[in-house]
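Two complexes follow with subunit A in common, the first pairing it with subunit B and the second with subunit C.
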Partner chain A sequence: MIRPIALPVAVLSVASLLAMVMSVGIGSVAIAPADVLSVFLGEGSNLHRTLILDLRLPRTLAAFATGGLLAVAGALMQVLLRNPLADPYVLGLSGGAAVGALLAMLAGLGGAVISGSAFAGAMLATVMVFGLAHGTGSWTPSRLLLTGVVVAAGWGAVITLILAISPARELPGMLYWLMGDVSYARAPWHGLGLLVVVCALVVPLGRSLNVLARGPMQAAALGISVRPLEWLIYVLASLLTATAVTMAGSIGFVGLVVPHMLRLVLGNDQRLILPACALAGGTLLVLADTLARVVIAPEQLPVGVITALLGVPTFLYLLYRSR
Partner chain B sequence: MRKLKAMTAMLSWMLLASPALASSVCATDDLAKEICLEHPAKRIAALSPGATELVWAAGAGDQVVAVVAYSDYPPAAREVASVGSHTRIDMERLLELQPDLVVGWVTGNPTEQLATLKNMDVPVFSIEPRSFEAVSHTIERISTLAGTEAEGFAEAERFRRGIADLQEVYARADPVPVFYQVWDEPLMTVNSQHLIGEMIELCGGDNVFGQLARLVPRISAEAVIAANPEAILAGGMGEENRHWLTRWQAFPGITATERNNLFFIPPSLVQRPTPRMLEGTQLFCEKLEVARGRRP
Partner chain C sequence: MARNQRPSMQTLSARDLIIDIPGRADGYPLDLTIKSGQVWGVLGPNGAGKTTLLHTLAGLRSPRAGALYLDDVTTKALKRRALSQQLGLVFQDRQDGFPATVLETALIGRHPWLAPWQMEGADDLAMAERSLEALDVLHLKDRLVSTLSGGERQRVAIATLMTQSPHTWLLDEPTNHLDLHHQVAVMKLLTDRAAAGNAIFMCLHDLNLAARWCDHILLMYPNGEACWGSAERMLVPNALERLYNQELATVEVDGAPFFVPRRS
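Coming up: the complex of A and B.
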C-alpha cells in the first residue's frame, strides 16, 4: 500500500518545490539565477537579499500555506457532506470571515485586527451553520449544505451593504481583500505549521474517512464512531479555512477544484488525497501568485482572479475527459 | 494664527538651515511621527498622484525616482518610473530604486505595505492634507526633508497668500446654495469637513449637504432636487467631460437648472490637495460669482 501513495506525493512534492523556486526566482525586478543562489548561500548584494528574503520568500511561503489550507479544508468538507459542491466558500465560512474583516476595515482598524476579526467571523459562521443545521433533530449532509448556502447568501448581502455604506477611500482595500490577495500576508509560519499538524492528524484517520465518505450508516456498521469524527472534521476544516482567510483574504475556488482535480486523477483514497491536496493547493496558489505579481507589473493583480482563470479550464478539461 | 504658523515655520527653517544642524533634517508627518534623515533626501518615491505634485511643489521634482499610476502632473512626472498603483505598490520595483525617502498617503496606501517599508528601515513620511493650511505645511515639511527649503517655503507661502487673498475678496459675498458633485453613479458629494467643503465656504457658497455626517456622502437625485441648489458644480471622467451636468437639465424646477448655473470644474484642480487647488478655488469662486450675477 505504501508505493501507490508514495509516488504521487513524491511527484507533487517535486512540483511544489519547483513552483517555489520559480516564485522566488521571478519578480518584477529581474535577478539572475546565480544571484538568487548566492543570496541563499548567505552572500549577494543588500538589495537582492531584501528582495528575496524579505519580500519573495515570505510571500511564496504564505501563498503555499494558504493554498494548501484551502484545498485540505475543501477535501475534508466534501468527505463530511458527501457532496461534491461542498467547499468553505459555499458553506459561508469565507463570507463570515469577509464580514469580520470588512467591519474591521470600516472601523478604520489595521493589520492584526483585520486578521483577528476575520478569524472570529469565520468561526462565528461555522458555529451558526452547524447550530442551525442541527436544529431540533439530527443533521443530514443535505440540510447542512442547504443551511450553509443560505447563510452564505446572507453574508453576501451584508458584504454588499458594508461596501455600499463604506467611505470611498476604504473601497479599494476592501475589494482587494474580497478578491483574495497574498501581498499583505505577513508571517507564513503559523499557516504552514497548522497545515503540517492537520495533515499529520488526518492522514492516520484516512481509513475511517474513506468509510465515512461512503455514508454514515456503513461507517457506523463498520465500528467507526461517526459523530465525533464528523465534529472533528468540521472543526478542523473551519480552523483551516479561518487561518487561510486571515492570511490572504477570501480566495475562492481552490477548495472546490483542487480536491476534485486530484480525485479525477488519483482516485478517492483520503490517505492519498489529503496530503496531495496540501501540496497541489499550495503549488497552484504559488504559481497563481507569481503570475499575479508579474503579468502586468508594476501593477499587481489579486491572486483570486488568477486561480480562477487557471483552474476553471483545467478542471473543465479533466471533467470532460473523464466522462 | 496663520502668521504665527508662518513665523514658526520660518524660524524652524532658519534653525535647520544653520550650519551646525545642516547635515541632518527632521520633520513630523501626519501620523505625528518624527522622520529624521542624516542627509536631505536625494531619491524620493511619491506614492500618490497628490504626493507627486506636492514633492514637485516643494522644489524637489528632480529628486523623484518613483511615482505611481495617474501621476500626470507636472508633465515631467510622467517620465519617472512607476511602481504600481497607490492601492497596490510593487514593492520589488520600489526597493530596486533604493529610495531614501518615501512620501506615503495615510488613507490611500495599504498600511501593511507602508509598515513593511518601515521595517526595512526605509524612511516613510506619511501625509494626509485635509485643509488649505495643511497643503502649505506639507510642502514646507517635504522641502525640509529634501533640502529644498528655499523653493518649498516660497511656494507654500504663495499658496497661503493666494488663498488668503481669495478669502478676503469673498468674505462678505452673498451666500449661494451649492451642490458639488464628486461622482455621478453613484451620486456623491462632500460635507463641510472635506477640503472641497472648505473651498465652497471660502467662495461664499453654502454647501447644501454640508451637514451630512459622512465625509463623502452618497445621495439620491431626489435629495438634490429637494435641496434646490442655486448652483451645481461637477467634475467628470477626465478633464473636459461635461456629461455629468446634463442629467440636471431634466429638472428645470431646480434653481441652478432654471438659471443655467451648471458649471464644470476640472476635477484635478479641486480634488487633489495640491497647490493647483488655488487655481481650482479661483475658478470655483468665479463660477459662484457668475451665479450671483444671474439673480433676477
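Coming up: the complex of A and C.
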C-alpha cells in the first residue's frame, strides 16, 4: 500500500495505446503506424480512414472496454468473496446472459435484441443469486459463492438444452457467442464510459477495499460499514460484467487471471490494482482480438480461445516464479 | 500529526449490558466504566463469553439488552468511523486472505483517520514504523505476514492497533503465542499506554499476568454470573477456584499473589 501508483499506471497506459495502434494497423490491409497516426490527426487516404475509423477502431475499443470491464469486475469479486478463485462469472451471471442471448437467437432476432436480452438475463441472474443467498438470514461469502455455483450449473443445463433444440443454422452464431467474440461489437462507447466512471468511483474506495480484504470483522473494527460496502461492490461488479457480456459474449479467463497477474507483480493495493486491471485487461483483449483476426485469416477465431492460450502459460509462469 | 489529533478522549461505559450468546440465558447485566489509565483484565473459563463481550464493546455485535456509551453519547448514534477512532480491537484469530507485508498490515490501522481520497503520508508511515519498533517486529516490515510465526503475527496485530491509536484498546488474549519475554514486553507496553492516558481492556488466560499487570478485573462465570472491581478485591483464591473449577495454591512473589494449580 505504499508503492508508487503513477509509474505502473503510466507504463500500462503506454502499453495499451501501443496495442491499440497495432491492432488498428494490422489486418487484411496493413497500415503503417505513421499512417494510423495521420488518420487520427484528421488526414490520411479515404481507404485508410474508412478502414480505421469505421471498421477497426470500434472493434478495438470494444475489445479494450470488454477486457477492462471483466478484469475490474474480477478483481472486485475476489475482494467481495475473499476468494482468489472468484471471477466475474462465478456467480452465474454469464449463464443468465447466455440464456438470454441464445433465446433471442433462437427466436431469430438479431443485433440489439440479442444484446438487450443478454443484459436482462445477466441482471436476472444477479438478482436471483443475491436473493437466494440472502435467504432468511444474512449472507456470507461462502453462501453467496455456493449459491452462485449451483445457479451457474442450472444455467449450463438450460444452455445445453437450447443448443440441443436449436436449428443447425443458428448453432455457429450461438457457439461463437458462448466462446466470446467481439466481432459484432460496434458500439464501444457505453462500455468505455462505464469503465471510466467505475474506475473513478472505485479508486477512492480502494483503501476501504484493502481493509475489507482482511476480513469483515477487522474491517468493521477499522470503521468500515461492511454491509453497504459489500452491496456496492456486488452491484458494481455485476453491472460491469453484464455490460461486458452484452458487448462480446462470455469471454473467459480475463477476469480471473488479469487481477492475479497484477497482484503477483504489483502487490495488493486495490487503489493500484483496479485501474491497472482496467488497462491490462483491455490491453490483453486487444492483443488477443488482433491475433484472433490474423492467425487463420481471412477466417477468425473466437477471442476467448486466444485469451486462454495467451493467459494460461503467462499466469503459470508468474505463479511458478513467485514465492 | 496535527491533522490526526483526536478531538477528545472519551470514556467507554457499559450500562446494564447483557451480551448476546445464542442459545444461552441472559447473564448478569454488566455496569462498568473503562476509564483512562486503567488496565482491565477479563478472566473466565472457555466459553464464558469473553470474546463476545469484547466484540460487543467494540460495536461489532449488538447486545441483548443495555447500551454502551462514549462519555454521554450512546455508541449507536456514532458512525463506525468515529467509533473506530475511539475504540480498537485486537482479534483472537485473524484471516489473511490476500498476501500483505508487515508494514502494509500495520498501516491499515490509519484507515479510520484518513479521508477516502487521501493516501497514507510520511507521518502515517512513521507512526506505523514506531509501532512495529515498539513491538519488536520492525525488522520484519517487508516480510509477508503469512510467512511469520504465530507470536510474530500477534505482535504485528498489536502494532496495527497501536497505529490505529484509539483511546480505548480492547485486546483478545494479546499474549497468545508469545514467548515469556514478549509476554512481559507486551504487558509492559500496555501498562505504559495506560499510564499515558489510554484505557486498556483485555481478555487473559494467564491468571498471573493479570495479577501482575492489571489494576481492574472482570470475572465471567460460565453460568452468566459476573463480578468486577479492583484487582486486589477480585483476585482471591476462593473466587478464582470457583471461576475455573480448579484448586489453586497461592504464593507471594514481588509483593503480588501468584497462583499455581494444585495437582489433585
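We take it that the second predicted complex is superposed on the first by the 313 of 323 C-alpha atoms of A that agree within 3 Å, B and C clash if a C-alpha of one lies under 4 Å from a C-alpha of the other, contacts with A are read in each partner's own complex, and residues count from 1 in each chain.
Assume a residue touches a chain if its C-beta (ideal position, glycine included) is under 8 Å from a C-beta of that chain, and two chains touch if they have at least 3 such contacts.
For clarity, every value in this text was computed on a predicted model and none was experimentally measured.
Q: With the two complexes superposed on chain A, say which partner A:34 touches: subunit B (first), subunit C (second), both, or neither.
A: So A:34 meets neither subunit B nor subunit C here.
Q: With both complexes superposed on chain A, which partner does A:300 reach: first (subunit B), second (subunit C), both or neither?
A: Touch partner of A:300: subunit B, not subunit C.
Q: Examine A:225 and indicate which partner it touches, taking first as subunit B and second as subunit C; both and neither are also allowed.
A: After superposition on chain A, A:225 lies in contact with subunit C alone.
Q: On the A-aligned overlay, A:211 touches which partner chain: subunit B = first, subunit C = second, or both, or neither?
A: After superposition on chain A, A:211 lies in contact with subunit C alone.
Q: Would you mind writing out the residues of subunit C in touch with subunit A in their complex?
A: 55, 58-60, 79-85, 87-89, 91, 94-101, 103-105, 107-109, 111-112, 114, 116-117, 119-120, 125, 144, 164
Q: Flag every residue of subunit A that touches subunit B in the complex, lowest number first.
A: Per the stated touch rule, the residues are 27-29, 47, 50-51, 54-56, 110-111, 164, 167-169, 172-173, 176, 181, 183-184, 186, 293, 297-300.
Q: Which subunit A residues qualify as touching subunit C in the complex?
A: Against subunit C, subunit A makes touches at 1-2, 82-84, 204-205, 207-208, 210-211, 213-215, 217-218, 220-225, 263, 267-269, 271, 323.
Q: Provide the residue numbers of subunit B that touch subunit A in the complex, in ascending order.
A: 69, 82-85, 87-93, 95-96, 98, 107-108, 110-113, 115-116, 120, 183, 188, 214-216, 218
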